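Next come two complexes built around subunit A: one with subunit B, the other with subunit C.
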Partner chain A sequence: MRTVGSLPEVWLTLAAAAAFGLAFAVDLLDAWRSGAAAAMEAAEGPGATRAAGWLRGMSVASAMTGLALLTTGIVLRWIGIGHPPIFGSWENAMAASWFLVVGVLVASAVWREWRFVGLGLYPGAVLTIVWGLRFNTNRIDLTISERSLWVDLHVLVAWSAYVVLAMMLCAALLSIARSSEKKRGRSLRLLRALPDAGWTDDLVAASTGWSFVGFTGVIVSGAWYSYLLFGETWRWDTVEVLALVVWLVLGLALHLRLFYGWRGARLAAVLSFGYVGVLAVYWVLALVPYASYHFFELPF
Partner chain B sequence: MSDAPDTRRSDGPPRGGWLSRVVRLLVSNRTAVVLIAVLTGLSLIGVLYPQDRIMSAADIASLEQRWGVLASVGRALGFGSMFGSWYFLATAGLTCLSLIACTLRRVVRRRTGAPRVPSTDLANDPRAMDAGTVDADPGHLHSALRVALGPVGRLARMSDSSVDGTVRVFAETGRAGLWGSVVFHAALLVVAAGGVLTVLTWFAGQIVVSEGQTVVDARDAYMSVTREPDLGAAYSGAAITLRRITPSYEGDLLTRAQAEFEVTEAGGGSFVRQVEVNYPLEAGGKTYVLGNSGYAVQLAIKATGAALAVPARRILPAHGNLRTSHTPDQ
Partner chain C sequence: MLALAGGYAMWVLPFQFYGTPAWRTRNIATAWAFMALGVAMLVNTAACMVDRWPVVLRRTGVSMRIKPRTTEGSVVRSPLPPDEARDLCAGALGGTQDSTSVARVRGRFGPLGTEVFHLALTLLAVALALNAGGIFRGKVVLVEGESFSGRDRASYAEPVPAELASLPDSALPDTTIRLVKVTTSFWKDVQLFNRLEARVAVGAEERREVLTISSPMVVDGASIAVDGFGYAPQLHLVGPDGRTADQFLKLKVFPPGSFDEFDIPDTPYRLRLAVYPDASKEGTGVANASYNLVRPLILARVEDPLQSAGDEPAFQGMLRPGEKAEFLGYTLSFPSIRYYAELRVIRNPGAAWFMAAALLATGGLILRYGARRREVLVIVTAHGSGSELRVHTAAEGWGRSHRARAVERVRRAVDGQVVSAEREGGEDRG
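So, the complex of A and B:
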């Protein structure tokens, strides 16, 4: 049995994961209750139920508490080791979950229709932290090549794009669920209060566009860093090529939507396929030694 | 790669000569989508199928033993060197041509005045909106539409056409958005052109230089050259002097190696640069990246038992296996 360790940031991150889990549970309850309320209002008219605003408030408070704990952990580690959390799967898990939760809070505060995304991103943050615990949590110095502001920028752009891509996946999965409802002729209670098919299509379109822009930024910043480090902007590295595949899939989806009117489950299936590539780029290939120079995992 | 749905039928009899057919094919959105899909598929195969450049002969033999016929078929189809294969390069080249054709078509169409009124049923157009039948003068309808569209109306262009006595008004929005898309696609073309130029002018080699030493960028200065350019000169004739290199350590970990280079270009100009990991030296059209830094073998030549050179001097903490080549006078 592997021990978690005595570093304070590890315990703070675990506490944050618990808070994110609670936020997810509350959001789930809220969606369930709202679904029932929507059905009741549809049957008995507007005002038949009272919106449970406190559930929404509790979810946000829980997520904010978790975010504060995680931020404290990240700051402690940053001060302790002298670099932002960019090296190794544990630090990546901390950074990814931080970005995911910030993404939920910002998106749901600015755009009401994105509120449902917590149902996907909160558990995503928890799973990411649990995944990170499988790896070395010790504080380790950056290697010489990682000591560059361009690396920091590349990572910042990469995690920002990752959040938008995760939101895109949530919208795509909702779109698939909506198509399934349409086929079966009845709606799921949990989904009733979530954006309808029309809104979902718009959310899929917007998030695909932003994902494409974000991923372009990831590739461009990575190419520039590659030039500084190796003297070549493109090396046909496995991670680079898979990133290119993801980028092409996003471009393909945009063109299919624009010129061939692809909507709903068909488009969502293409995007979900692309997201498998995203997971491989961010998490899987980085664990395979010699497959890529994006290998940052450190042995226990 | 174009802003309007491609409503022209491409399955009818071919019109014009082969050139116009090729052009029609290249400006087609369907061609663009198919090419992107093929490029995606080939790249994915390149990720999944182990590439020769990162595999040893033993790994390749092991792969063929493990995967049998599948590996043999893959090798026969050239999957092992996917990104240098003729079909990958041909697809990439055709995608670039499609990109040029589609981008030009968009700009030309936008500059030639009114938007094209779709000739086919608008019901098949995913972006069309049927506002119903309105009994109004087209001019008045234009004005009313602009008011109804609000700020977007200022960006919309409208035209009308008469089909079977019914006047159809077609409004097209997104004039500003067009340029974002055009600039993006043009940027991709610049990247593609840069890629082609890089391949043609690509040089790769390793050069060894010690502190205080000057090397002139010529073939005999290189320890190894793995690639010489197909276009342009391979060697610049620039004189490169390593003035000094300063390594820094945190414990046993090398955290920085800063080298100071002085470069005198073949044309006569000279400059000094601090070079380290992530900060390459650019001189004479080449980029010099600092590789392994700081150490070289020092030979102590002895004749009849008496040393002629200064013995090697250790300068690094806790690195008994590394000895400096720093011998200032000899």
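So, the complex of A and C:
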């Protein structure tokens, strides 16, 4: 039974989604306006002109407001049901969007070259929340198999890796756009203030490396919990197998870059292919009841 | 690697989405073609590790790999005199300085991370090889108060006796376990367990442990956890001749109200039983409020197997624990109901190797990417009344970020201006 109207966290999350949408719109406008100042970017590094802009401040303020609303929603739900948001697609959507927005704010505060990532991750957070609304939003207690700090750790690592993977996708898509510009011989105004091809290659390399680290952590923490739960570290479960495929694709991309000199659109295409698997691991398998023991959609 | 990823994508995933059981996936993945590919990858990995070892060792050296003559470097101009600029620069970078330059090397041992990671893959292969020898999976069902001995094959409900008989003693844990108490609860009135604990006493010293589904204990190399429970009413039957039958009957829990059948010892009768754990009688029916053992009600039916299907049973009725019923000179009662627990006993010879490999792999990657080798060399020369600092950098991976930060740090330290930013080069293969 859907009880969207009776749960405050649902409304708080929807309000947060609106704030994230506004942050995206402002970022988009900022990138559009900054396009003309691309020359300055080229001289001083990406984000240089946008750093001083009032639009940037407005985007951050909007995202922070949304994050505060979402955090309040998560805390209310946590207190109400007694466990962190790890059970079912709605809770996963809340957690994922929280991590995505924190990822944008932290990355763009610490590394100037990653400021563009809000253009991908803010809409990602909004879509994630909309996706989550398709599922049961009721508060459901944790079943015995999920009652462990190791599960909490596994989920924490999984969402952290998810943010880095999403950043990797943004860098990969930007890399494809840069290659396309090079082929056509002209650049899009919207992209002018974003990192150039050289920087993009840097960002792809860094995010792929850290995605591989993060996804290894996801598999390792999952394997350990599988051992605790079933006495076996590997069970050929659907999600496990698909995660292995994603891990292999990431490893493949790293080797292609290091040993075969793959750069630009070719490498980005491999990474984008890998990201399809990421989406399947995290979201799509929730639509296939009982295909995996990672299925947490309960009909209560 | 491409073949492996592609093979999995093509063969495994389509089956998976149609609900293929895990054993089929395992069979596909352990088919000879995949095994051969795995062995080839392992050999390849080992060969690469040996081949690259001298390179890795060289990369961990203290000497700088930056060649100032071959890179242009970024230029920062400062109003400060060279000596002062050099001091400030060395302080900001945390590097060492000589009369003309400041140098800093970080992440010397980062390159070892790659080797550690690939070594972990070799350990993983050992784990898989050990597991290929067989994982022992056993199940023991104990009523509260009962004990089992790990090497007593008759104690096991699974696997089948023939398989148990073929196992050496060393495959079974050398311990005794007594089930003290099972605690269970469900959330609201639905089939969602939110608590299942088994308190056990282990060994001759009766060491107390609490097992849950995800917190096993490891005894003699075997992982033992609780992964199920049920209700066990105590059957007490007094026959016409005064002989008694007294035993605990282990019933299925799900679905509630499903019947289990037992032959009653020393009688011609068969007993069919169902337990409603939290029940109240409503007319001729039963209303069960939850799955918790709060107000158990036992539905008992005694049949003569030789009777026709339509014949009246010898007895049929609902009894609370302690209530008695009489039929054909027999007195039937269930003095108590206890929980029973299903314990899974698994001896997984490769688990320790797997986890060692996993930890090494993660640690190796963190070393590789978290402490990647980065070098900065700043050559300081006089420029008019001030100084010019030429910043050269090298890094194993994403060198632009490293260069941008190094230049920015130098610029701030000497209160200077970037007059020429290097845009290419300066990145090692990493």
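Everything that follows uses one rule, which is that the second predicted complex is superposed on the first by the 282 of 300 C-alpha atoms of A that agree within 3 Å, B and C clash if a C-alpha of one lies under 4 Å from a C-alpha of the other, contacts with A are read in each partner's own complex, and residues count from 1 in each chain.
Criterion: a residue touches a chain if its C-beta (ideal position, glycine included) is under 8 Å from a C-beta of that chain, and two chains touch if they have at least 3 such contacts.
Computed from a predicted model, the values in this text were never measured in an experiment.
After superposition on subunit A, the partners subunit B and subunit C collide with one another.
In the superposition on chain A, A:217 contacts subunit C only, with no contact to subunit B.
Using the contact criterion defined above for the overlaid structures, shared-chain residue A:138 touches neither subunit B nor subunit C, since it reaches no partner. Touching more residues of subunit A than its counterpart among subunit B and subunit C is C. Of the two partner chains placed by the overlay, subunit B and subunit C both lie in contact with A:148.
Within the superposed three-chain model, A:242 lies in touch with subunit B and with subunit C [touch as defined at top]. Looking at the shared chain after the overlay, A:203 reaches subunit C, while subunit B stays out of its contact range. Legend: residue contacts after superposition of the two complexes on their common chain; A:260 is shown touching subunit B, with no touch to subunit C. Contact with subunit C, but none with subunit B, is seen for A:111 once the two complexes are overlaid on the shared chain. In this superposition on chain A, the options for subunit C are 55-63, 91-99 or 415-423, and subunit B clashes with just 55-63. Shared interface residues of subunit A (contacting subunit B in one complex, subunit C in the other): 141, 143-145, 147-148, 150, 225, 227-231, 233-234, 236, 238, 241-242, 244-245, 248-249, 251-252, 255, 290-291. For subunit A in complex with subunit B, the touching residues are 141, 143-145, 147-148, 150, 225, 227-231, 233-234, 236, 238, 241-242, 244-245, 248-249, 251-252, 255-256, 259-261, 263, 290-291. Residue ranges of subunit A in contact with subunit C, taken from their complex: 43-45, 111, 113, 140-145, 147-148, 150-151, 198-199, 202-203, 205-206, 209-210, 212-213, 216-217, 219-220, 223-225, 227-238, 241-242, 244-245, 248-249, 251-252, 255, 258, 288, 290-291, 298, 300.
Chain contact summary for the complex, subunit C toward subunit A: residues 1-2, 4-5, 8-9, 12-13, 16-17, 19, 22-23, 25-26, 29, 127, 135, 137, 187-188, 190, 192-196, 212-216, 223, 225, 344, 346, 348, 350-351, 354-355, 358-359, 361-362, 365-366, 368-370, 397-401, 404, 418, 421, 423-424, 429-430.
Residue ranges on subunit B touching subunit A, taken from their complex, read 1-2, 5-6, 29-30, 32-33, 36-37, 39-40, 43-44, 46-47, 51, 53-54, 83, 125-127, 195, 198, 250, 253-257, 277-280, 287-289.
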